[in-house]
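Structures for review follow.
In the two assemblies presented below, chain A is common to both, partnered first by chain B and then by chain C.
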Partner chain A sequence: MTVPSGVSASRRPPRQQRQPRRLIWVALAAPGIIWLAVLFIVPFYAIFAIAAGRLDVFGTPVAVWNPLDWTATNFAAAWHDVAGAGAFVGPIILRTLIYVALASALCLLIAYPAAYFVARFAGRWKGLILILLIAPFWISYMMRMLAWIDLLQTDGYVNKVLSFLHLSSQPIDWLGGLGLTVVLGLVYGYIPYLILVLYAGLDRIDPILIEAGRDLGLNRVRTFIRVTLPLSRQAVLTGLLITVLPMLGDYFTNQLLSGTTGTTMLGNVIDDQLTSAGGVLEGQGAVFSLLFLLVLVPPLIYYVVSTNRSSRRAM
Partner chain B sequence: MHPREGWTEDRRGLVTRRGFLKQTAGAGLLLGSAGSLLEACGGASSGTSGVLTSNGIPLPRPNHPVTWPIYKDNPAIKSGLPPEQNATLRIFNWVAYLNPQCMTDFGKKYNCKVELTTFQNMDDALAKLRSGQLNFDIFFPTIDVMGELVYGKLIQPLNHSYLPNIAQAWPDFTDPFYDGKWHYTVPYTIYTTGIAWRKDHVPENPYAMANPWAMPWQAKYKHRVAILDDARESISLGLMKNGIFDLNTTDPTQISAAGKVLHDLAKLTDVHVDNNDYTEIPSGQTWIHHAWSGDIATAASYMPKGVNVDVVGYWFPPDGKGPVGNDLITVLRDAPNPVLAHMFQNYMLDINNVLTNISFNGYMQPINGITPQRLVKEQLLPPSLMSTTVLPSYFRRGVMELQIPTATNALWEQAWLQAKSA
Partner chain C sequence: MTPTTTQTRAAHTTSGTTRGAILNRLRPLRNPWRRPWFLAGLTWVYLIWSLVPVALAVLFSFNNGKSQSVWQGFSWRWYFADPVNSVLHDPDLHAAVVQTIRLSVFVTLITIPIGVAFALGINRWRGVTSASFNFVMILSFVIPELIFGVALFFVFTRLFTTVGLGTLAEILALVTWNVSWPALIVQARLATIGRQYEEAAADLGVTPLQIIYRVTMPLLMPAIFASTVLVFSSVVDDFVLVDLLNSNSSNTPMSVYIYSQQRGGNGGPALNALGTIMLVMSFVAAILGYLGYRWLTRGEREGNVAALAAITGEG
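Coming up: the complex of A and B.
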C-alpha cells in the first residue's frame, strides 16, 4: 500500500520544524534519564568499590574508588562460600530459587484472574476495585508483615478459623519455621505489584480483537488461549520481573515470619554479612549483591529483546 | 554486640539493612581518625599497660587493664563551671534504653531541654560521630569501642569534680579494666547472658544439669528453641557448650568447633535466631531462649492474660562464671554543653533515678543498693526472676566478650554466618 505524497506532506511537519520539537522532548527527558543513570551507576560503583576494597585500621570496610588499588580478596572469600571447602551458600541459593519460583507461580495464578476480571468485567466498579487491590500499598511492608505475625500466632485468627472450619484438629505453628509461611508471605507482599502491571496490560487489549476471535468460531477458552494470553505476554513478563527481583533479595519476610535457620534465603545471608560486627564481612556481602545483578541480567536482556520484537510485530 | 542492637522505634528487635553509602561516607572520614590514631601512638601523654593490641590499639582485658591517654588538645573541662543556661542537652543512645521520665526530670531540675536521638548499632553510631556533623553531648557506647573513641578523640576526659555520685557506683567502676582511673567513662547498665525457659513446657531444670549451656540442644523441643542473633553471644554459647570460657578466643579451631555445634543445634531443632527473647518466652512462642538478663527481667509486661510470670525462668551460673557485659556513659569531645553533660552523668548515677530507669528498660545498673531484694521490694522484678540481677561478684568472676583483633572478628562472624545458614 502506498500513501499519497500529498497526505504525507500535510500530516508530517517539515524536517526543519521536527528538529526543534525533538530537541524539546530530549531536553525534557534528559533530567530523568540522567537522574536514573546516576542513581544506578553511583550505587553500583560504590558497591563494587566495597567489594574490591579493604579494611582500615579499626577493621571497618573501606571503599576503594581507584580501580588500580582494587583487590580480589572479597571475591575469593565469596567464591569460597559458594564452592570452596567450607561452602555453605549453594543450598541457600537453591532454596531461594525454589521459594521465589513457587511464590511467583502462586502470584501469577492469583493475580491474573483478578486483573482480568477488573480489566474486562468490573465495569463501573473498576476504579473502586483497583483502589481496593492497591490498598495494601498504603501500609508499609513492615507493618503488613507484623500484622501477619499476630494473625499467624498459634492462638491467632488463622488457626481459629481453621479450627472453626474443622480444617485443622490442632493449631498449626505457622511461625515455627515453615517454608510455606515464607512463600505465602512473599506472595502477599508482592502480589499487588503484579496485579497492577497485569491490569495495565490486559486493559490495553482491544476488545475488538477478542470479539474477532469469537466471531471466527473460537469458544471462550480457546479465545483466551489464542488471543488474550499471547497479547498479555508482555504484561506477564513485566509483572514477573517486577516481583521476582525484589523477592530474590528479600530478607525481611523470612526474618519476620520464620527466623529459623531452615528457611534462610540468600537475602538473609547478605543482610548478615552487611550487619556483621565492625562490618568485617561487608565486602563479601557486596560481592553477593553484585552476583544478584549478574543473575538478573539474562532475564532483563530477554525482556528487552522480547519487547522490541513485539513492538516490531505491532508496526 | 548489644541487647538493643537492631531495635527500632516502631517495634523492638527488628533488624534493618545498613546502607553502603553511609558506610563509605564514614570510611572516607576514617582517614582522619587513622591520622589521630598515629598521632596518639606517637604522642600520648601517658601510656597503656594492655598486652593485646589490634592494629596498634590496646585491647583491655581484666588481667591487662588499660588506662587511656589524655591528650593536650583534648582536655577535661575546668572545675566549678556553672551549667549552661537555656541549653538543649542532646543525647545519643540505643533505642528504648533510657527512661523518658529521667530526661524530663533532669530537664526540670537543670532548666534545660533534653533531646534524644537513637541508633541501632554501634557501627552506625560511630560512623555518624566520625562524620563530625552531629553535635551531641552524651553518648552511650559499649566497652569494645573505647580504643576507637579515645584514639579518634571522639570523647572527652571527665572532670571528676562534677561526678560525686560515682560514690554510689560499685567500687569496681572507679578503676575498671577498660578505662583505668575512669578517665573517660561512668558505668551505665550491666547485664548477663543466660538461658531463659518456660517451666510449664520444659521440665528440665538447668540448675540441676551437668552442663546447662547445652540445654538448647534437645531435639524434642524442635521449633521451640531460639538463640540470640548475635555472633559474639551465640558463638560464645557454642564455646561454653564445649567447655571453653575464653569468650575472646583467637583460636580458629575453638571458633570453628563452636560454629559446628551451633550448626548441629540448627539441624537438631531448626533453631530460631532472633533477639525477641523478651516477648517469645512470655508468649510461649519459644520455650528455651538464649537470653539477656534485662530482657527477661521485663517478662511480666509481656505475659498473656491469665499466665503467671512465675512460669518464666532465667538461668545464669550461680558462681557468676558466665557472660557479663556493661555499658557506659561518655561526654563527646565537641559537646556544646559539657557541664550539663557531666551533670547528666552524675544524675544517672543516683539510686533514685536509676530505679526510675530500671522501671522502664529492665536493665539494672551497678549502683550500691540496687540489689535483687530491693528490685523485688520496689515491684520492679518478680521474685521468680531474681536471677536476672547482676551481683558485684559477677563483674569480677564473669567472662566478658571484649574487642578482638580484626582478623579474629572475621573468623567469629564467618563461623556464625555458616551456623545460621545450616
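Coming up: the complex of A and C.
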C-alpha cells in the first residue's frame, strides 16, 4: 500500500496546494482515530488498571489508573489459581491447548484438500461449490451449534443413524460432557474461515508454475510438495491464525455442547470470573485476559506485518 | 497414485535423474489432468457435513410439535401461530428479534461513514499517526473477541459508567469491532483504482472536496456497498460482545437469547425459528449485497467469483 517515496514525491503538487489537502485527510481520519483511541486503546488500558488494581472492602476489584499505585493482589490470586494449593486453572489451560491443537489440526486436514480441490479442479461446479463454501459464513454461529445440539440429542439423528448401522447398541450421550464433541464442535465452528483463506491463497497460485513443475518431470505428489505447498505457506499460516485465536478464547461452543466442568476451557474461566456474583473474581478475569493477550501479541504482530507486506506486494 | 510414484522413484534411483525424467515424459502413464476423485469426494462430504445440519434445524423450526427429531407436519406455530410460545407472541423472543434489528441497523449506519472516512484519510495522509492508527485498526480486526469484550466490560462498568451495560454499550462495542471491515475493504479498493482519476480531475481545476464527492466516492461505491453488507450481517450474527455487555432481556439480541436458553437445555423449536430468522436476515443481506455489487461494478471486468469474494470480505 505504501508507494515508494520517490514516486509519490514527484507526483505531489506544490507545497502551497498540499497543506489544505492534507487537512482534509486529517479531518476525514479524525473520527475513526478518536473512536479507536477511546473505545479500543482505553479499554485495553482498563484491563491493566483492573488487573493491577486493588480490592475494596467487599472484595470487589477497583480500577487503579495511575501505574505508580499498581499492586499485585490480583496477580497473586490468579497465580494461586494456576499453581497454588487449590489450583484448578493449570489443567484447564493444558486442556484448552490440547483441544485447540486437535481441532486446528483436524480443520487443516479437512480444509486444505477441499480448498485445493475447489481452487484447481472444481471446473464448471466452481460457482456452486464456492457459494456452498461461503454459506456457513453467513449463518450465525449459534444457529450452527443449535443444529448440532438437535442432531446430538440422545434421541437425535446421529444416534438413530448409528443404531441403524449397528455401530452402537445404546444411544450415546453426546452432550453429556464428551471432549470429542467439543473438539468436533470447534472444528465445525471455525473451519469455514480457514477454508476461505486457504482457497483465496491457493487460487492465487499461477497454474503456469504448477505446469512448469510437471513439465520439468515432477510427478503429481512432488509437484504439490515442491511447488504448491511452499506457495501456500502464507495462506496456511494466516488461516491457522484466524482459526486458532478465536478458538483459544471460545467459551460458548464448550458451554453449549457439554456444559460440564470436565471440558472447561480457558474462555469459560474468564467468562465465569466476569459474571461472578458481586464481581469478586473480576480482577482474576482481568489477569487471565491480560496473560492471554500477552501470549497472543507476537502472532498478532506477525499477522499484521505479513498482511501489510502482502498488500504492498499486491500494488 | 502410489504405483506411479514408486515407478518414477525407481527410474530416478536406477538410471539417474535426467533419464528418469525423460522416461517419465515419454511413457504415457496416466492422464495427468484426470479428475481427482478422492478430493472431489472429500469436498462434497465436507459441504454436506457443513450444511445439512443447518438445513435440518431450519426444517424443524416448521415442525408441528415440540420434537426436534420427529417430523410431525408443517406449521407456522413457532413463528406466529402459537398464541403463547411463538416468536411473535412470547415477549422475550419478540424482544430478541427487535434488539437484533435495532443493533444491526444502528451499528451499520454509524460504522460505515466512520470506516470509509478513516480509510480515505489514512490512505492519503501519510504520517506516523496515520500509520500507527492503521496498525491499531488491523489489530482490532484480529484481536480475540473475548479479550476485547472483557476490556469493554471493564471500561463501561468502571470508567464510562454513564454508558453502563445495555444497548448503548452494545452499539459502541459493535461499531469498534466492525469498523475494520469498511476500513480494510475501502483501502484495498483505493489501491486498485489508483490516483489517476483524481489527478485528472485536479488538473481540470476541481477543488479537493469536489474530487472526493464527485470522483472518489463513486469509484468507492462497490467497496462501501460490500462493507455495508458485511457489517450488517456480522452484527446480526455477533455473539461474544453482546453476551458480555447486555444487561437484561430488553437488550438481549437473538444470538444471546438462543445461547442462554439452549444452555439450560430448555430450548424448543421456537429457538430454531429464531435461528432461522437470523439466517434469513443474513442471507437476504448477502443476496442483496451480491446483486448490488454486480450492478455497481457492471462496467468493470469483474466476474461472479469476484463479486462473491467481495461480499465475503476476501476481495
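The criterion applied here is as follows: the second predicted complex is superposed on the first by the 246 of 315 C-alpha atoms of A that agree within 3 Å, B and C clash if a C-alpha of one lies under 4 Å from a C-alpha of the other, contacts with A are read in each partner's own complex, and residues count from 1 in each chain.
What we mean here is this: contacts are C-beta pairs under 8 Å (C-beta built on N, C-alpha and C of every residue); 3 or more make two chains touch, one makes a residue touch a chain.
Model, not experiment: these values are computed from the prediction.
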Exercise. Applying the touch criterion given at the start, work out whether A:Ser168 contacts chain B, chain C, both or neither, answering first, second, both or neither.
Key: neither
Quiz prompt | Partner chain(s) touched by A:Leu274 [first = chain B, second = chain C, both, neither] | solution = both
Quiz item: In the superposed arrangement, which partner chain does A:Thr60 touch: chain B (first), chain C (second), both, or neither?
Solution: first
Quiz item: If you stack the two complexes on chain A, which partner ends up touching A:Thr71: first (chain B), second (chain C), both, or neither?
Solution: neither
Exercise. Considering only touches as defined above, state whether A:Gly86 meets chain B (first), chain C (second), both or neither.
Key: first
Quiz item: Of chain B and chain C, which one touches more residues of chain A?
Solution: C
Practice problem: Have a look at where A:Phe40 lands relative to chain B and chain C in the superposition and call it first, second, both or neither. | Solution: second
Quiz prompt | First (chain B), second (chain C), both or neither touched by A:Ile110 | solution = second
Self-check item: Interface residues of chain A shared between complexes with chain B and chain C
Solution: 43, 46-47, 49-50, 62-63, 142-143, 146, 153, 251, 255-256, 259, 271, 274, 282, 286
Self-check item: In the complex with chain A, residue positions of chain C that touch it
Solution: 1, 4-5, 8, 17, 20-22, 24-25, 32, 35-36, 38-40, 42-43, 46-47, 49-51, 53-54, 56-57, 60, 68-69, 113-115, 117-118, 120-126, 129-130, 133, 135-140, 142-148, 150-155, 158-159, 172-173, 175-176, 179, 183, 187-188, 191, 195, 199, 202, 208-209, 212, 233, 236-237, 239-240, 243-244, 254-255, 258-259, 262-263, 267, 271-272, 275-276, 278-279, 282-283, 285-286, 304-305, 308-309, 312, 314
Quiz item: Which chain A residues qualify as touching chain B in the complex?
Solution: 43, 46-47, 49-50, 55-63, 86, 88-89, 92, 142-143, 146, 153-154, 173, 175-177, 251, 255-256, 259-262, 264, 268-269, 271-282, 286
Quiz item: Tell me, which parts of chain B touch chain A in their complex?
Solution: 1, 6, 10-11, 14-15, 17-18, 20-21, 23-24, 26-28, 30, 33-34, 37, 54-57, 121, 123, 148, 223-224, 226, 231-232, 266, 270-274, 283-285, 406, 409-410, 412-414, 416-422
Self-check item: Footprint of chain C on chain A - complex, ascending
Solution: 1-2, 8, 11, 13, 20-22, 24-33, 35-37, 39-44, 46-47, 49-50, 62-63, 110, 113-114, 116-118, 121-122, 126-127, 129-151, 153, 155-157, 160, 188, 191-192, 196-197, 200, 214, 216-217, 219-221, 241-242, 245-246, 248-252, 255-256, 259, 267, 270-271, 274, 282, 285-286, 289, 292-293, 296, 300, 303-304, 307-308, 311, 314-315
